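Letters are used for the chains, namely A, B and C, taken in the order the chains are written, and counting of residues starts over at 1 for each.
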Amino acid sequence: MNFPENLRYTKTHEWIAVQGAKAKVGVTEYAQKEISDVVFVELPKAGQAVQQAKMAAVVESVKAAFDIYAPVSGKITDANKALEANPGLINQSPYADGWIFELEISNPAEVNTLMTAAQYHEAVQQAPKH
Amino acid sequence: MPYLSLTEEEKKAMLGSVGVRSFDELISDIPVSLRDPKIDLPSSLSEPEVQALISKLGRKNTSTKDALSFLGAGSYEHFIPAAAIEIVGRQEFLTAYTPYQPEASQGTLQAIYEYQSLMTELTGLDVSNASHYDGATSLAEAALVALKTTDCAKILVARSLHPHYRETIRTYLAGTPYKVEDLGFDAHGNFNLEELVKKLDASVAGVIFQTPNFFGNIENLEGVSERIHANGSLMILTGDPLSFGLFKSPGEWGADIAAGEGQSLGLSMSFGGPYLGYFVTSQALMRRIPGRLAGLTQDADGKRAFCLTLQAREQHIRRERAGSNICSNQALCALAACAYMTLLGKKGIREIAEINWDRASYLKSQISSLKNFEVDPTPTIFNEFRVKSKKPFARIEEKLMAQGIFPGVSLESFYPELKDQFLVCATETKSKEDLDRFVEALAQC
Amino acid sequence: MLISQDDRLSFEKSKPGRRAVRLPKARFSGADPLKDIPKGLLRQTLIGFPEMSEPDIVRHFINLSRKNFSVDTHFYPLGSCTMKYNPKVNEWAARQEKFTALHPLQTEATAQGMLQILWELEEGLKEISGMDRFTLQPAAGAHGELTGMMLVRAYHASRGGPTRTKVLVPDSSHGTNPASAALFGYHVVEIKSNAQGGVDLEDLKQHLDEHVACLMLTNPNTLGLFEKNILEITKLVHQCGGLLYYDGANLNPLLGIARPGDMGFDIIHINLHKTFSTPHGGGGPGSGPVGVKKHLIPFLPGPLVEQTKKGYGWASQSAKSIGRVKLFHGNVGVMIRAFAYLKTLGKEGLRKVSEAAILNANYMKEMLKDTFKVATSGPCMHEFVLSLKSFSTQGVHAGDVGKRLLDYGFHAPTVHFPMVVPEALMIEPTETEARETLDLFIAAMKEIALEIATDPEKVKNAPYTLPVRRPNDVLAARKPILSYRDQLREKLLAAEIAA
């Protein structure tokens, strides 16, 4: 499985790509596999405040709904409208076209609490299989 | 014991297969102190005895077929086509489970899909769910959708809504941070536009009107949806769906949600239930609809197939994240409505509404000419209207009941300010003779 | 071909000018809708209902019905659903005009027979469950739970004291439990299950404090086992001032054997469409009466039925009542069926039902345990759970086995629930099934196990003998087509789909 080096990861399987004061957020390849076919994404609204480890979006499959947590605190600046017509982008391209939302980081120190690609890789290996 | 095939012999053999000597070994986990409770129930009856008992209890009722009834107020006496009764009686519909296994339930699923389609046509809105328990709970759910969608805390509810609807909405919202505020009615029983405009503020999530309202009035909602939408709120309409065959539909009024009672679409009154809550919304609210939805798709061989869809919103998947906790719908009632609407068809659904309006209009004009009764000529009605009695209504009711006539529902018990007023309903079930007999009896009072 | 292949909607069979029901031509008022109703109030848009003849409509729906599995045609061992036989005398009773033609707001004097049925049904439910008073208003189990949560809230609010914000549910519970609690702002806390699917006492104790409003349980639990520690559990929860709510979905095996009221439950709901044999109707109507102990009676929704000097009537609503939860009185037609069933069962019938239900389940479990892994050990109550995890190495899931069973002429058991068991199959035969039926099902399950070993693809792609196979639910959720209007918009008409 692919876990790009330049990203940071949460233990709840979100990735974050920091670009200066802003960051893009999505779910990892591991997550999209667990979720299976995404049928709908409930995107956050621009201007919405989010907190680290609190729910920011919801991804639905046929069988279940999965809460997507903000990796860091901040304010939503954009959401990936392409997911409205094509939620499957999350499965096809979880790190690029399947990004979910973008936010303005309020507390940059929080980024350092997140896992590196190597740490995330390790955590996923150890996750119980079912 | 009826319905069981287990004989004593089989019981012994099966206990042997299971490897226990007595049945009690199978319930050994149950604390002894709990076992064998004293249950005081009468002895079992045989089927002839059950039938005799039911018939005997039935004879203690005077139904609307035994008397001449003009009762309405949320439950209506209507003609039900015999073919509809046969369709709903099919065991494969009646004794089927919820269609979670679509391959085993295409009958139920297609019937629900057709019901959904018919409801979008009738209400003029875009997406219907598979039904709610009844009009009151459907409206309560509609209020919740408005509150959650707009993220506002208040619902404005017209006081001319059926009192049971208003009470149910309040029960549902009690103990939540949400508030309900009344909108009054004028002397004619219609809503007051000025009051609405005054009360529309940033805290309002939605406004609920009923048309025809509880007093039977068709409300004029010209320009209302524009105002409500300009305020960022949702417009929720409820009303007897049979009236949409003749009168402006919720979609034409600009409503976002049409939620209400579908009993008049082919369900018997049955002392209050089971009924049918319809719930239809604009396309924009599709993902917010509570309850079950039947959808069209393709199967693995490319054939048309129906299945339940958008279930991730529902309780069995979202658990505490679910927008509502509804589990069962009223599938058989939706089937009954589907059969009814299909049997009436394009022409019939309009005609039945015209006939209802005709019978009630005739009755209204006849009662208007009686000196001891007052009827407001202003409101446009569907099949119900208010009558004010110059003498105490209780006396009128007593006199007419003694002649085998149910004159109408007293309004005073619901609205203390409406003294001696009652609600009279005349549907297509009333012949001219019936109506004339009623008027004659009232004239004698 | 016996089952119609025609999958057109009524809308697609419609032809302009066709009619089914004909209505009276006479008009009495002399008024003309186009002249006498203000134009602004008249409907302007056409209603696009189908136009068909009655024979074609009847054929359309009867053919639809033949595409259904049902209890009257197939064995339906759905766990926690109690798909027992729906007695026909109940149908006969509910259809009597003396009941169907009753208006809900008729005077009490004209509905004495009806009110007596409601009263006696309530009395029967009280005796069977050990509770003190019932409201018959809730329309279904989930509605009963909602009502229950409102009662919990109202009760605690009336006592003042610490704010109770937590509702405890077992991690094996049915989805409606947490959904009901969350609607009222309760924080839902899941309590771990032990290996028997029972409440882990230690985990429970850790969560018990003065902020607990209620513990929601079903007993037997969703693994089909009786909660051995139930008396301890109810005592612990009461000690911290919390209430206990009983989900009545699994009441069938307890009839005449034990009562939730005696176990310490304060509020219960009963599913008339499960335990009391009323038909499921393809997904309702059901009925979920809620029973309470004395201290909660004042909060019940009203009006309740009472005995009066003249017979029976409506009690005036208590000042502390939470208010109505529904229009009128509840699903009366369903209650009439349950009443007839209650009369047929009588005192003697209760235990016969529960014993046969428990025996049937244990027999099936015993016959299947060498081929499949049973999730629990020891005797079960009315249902048991299999775990089909071992078959995932062949790529076969519990759902696939459920689909293959349809080919063998059985409705699938409950699949993938409870979630605490991987690849779960929950089986509840009920008491109305003959041993031969159980044997046929057992034989089918064993054949399917063989198929999984020798030809797993066959099971993975089942079913083959039904009108459709594996509807694409991903497509249905991504591009919802929910009405004929949607089809017109997406141009998905019959001819094009069949291509």
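To be clear about the criterion, a contact is a pair of C-beta atoms (placed from the backbone, for glycine too) under 8 Å apart; a residue touches a chain by one contact, two chains touch by 3 or more.
None of these values were measured; they are calculated from a predicted model.
Q: Which one of the chains is closest to the middle, using the mean of its C-alpha atoms?
A: If one averages C-alpha positions chain by chain, the most central is C.
Q: More C-beta pairs touching across which pair, B-C or A-C?
A: B-C
Q: In angstrom, rounded to a whole number, how far apart do the mean CA points of subunit A and subunit B lie?
A: 43
Q: How many angstrom lie between the CA centroids of subunit B and subunit C, rounded to a whole number?
A: Roughly 19 Å, centre to centre.
Q: Calculate how many whole Å lie between the centre of subunit A and the centre of subunit C, each centre taken as the average of the chain's C-alpha atoms.
A: Once rounded, the distance between the two centres reads 37 Å.
Q: Could you list which residues of subunit A touch at least two other chains?
A: Each of 39-40, 60-62 in subunit A touches at least two other chains.
Q: Can you list every residue of subunit B that touches 2 or more other chains, as numbers and ranges?
A: 310-312, 317-318, 321
Q: What are the residue numbers in subunit C that touch two or more other chains?
A: 473, 477 - these are the residues of subunit C that touch more than one other chain.
Q: Subunit A touches which residues of subunit C in the complex?
A: 422, 473-474, 477-478
Q: Which residues of subunit A touch subunit C in their complex?
A: On the subunit A side, the touching residues are 37, 39-40, 60-62, 87-88, 130.
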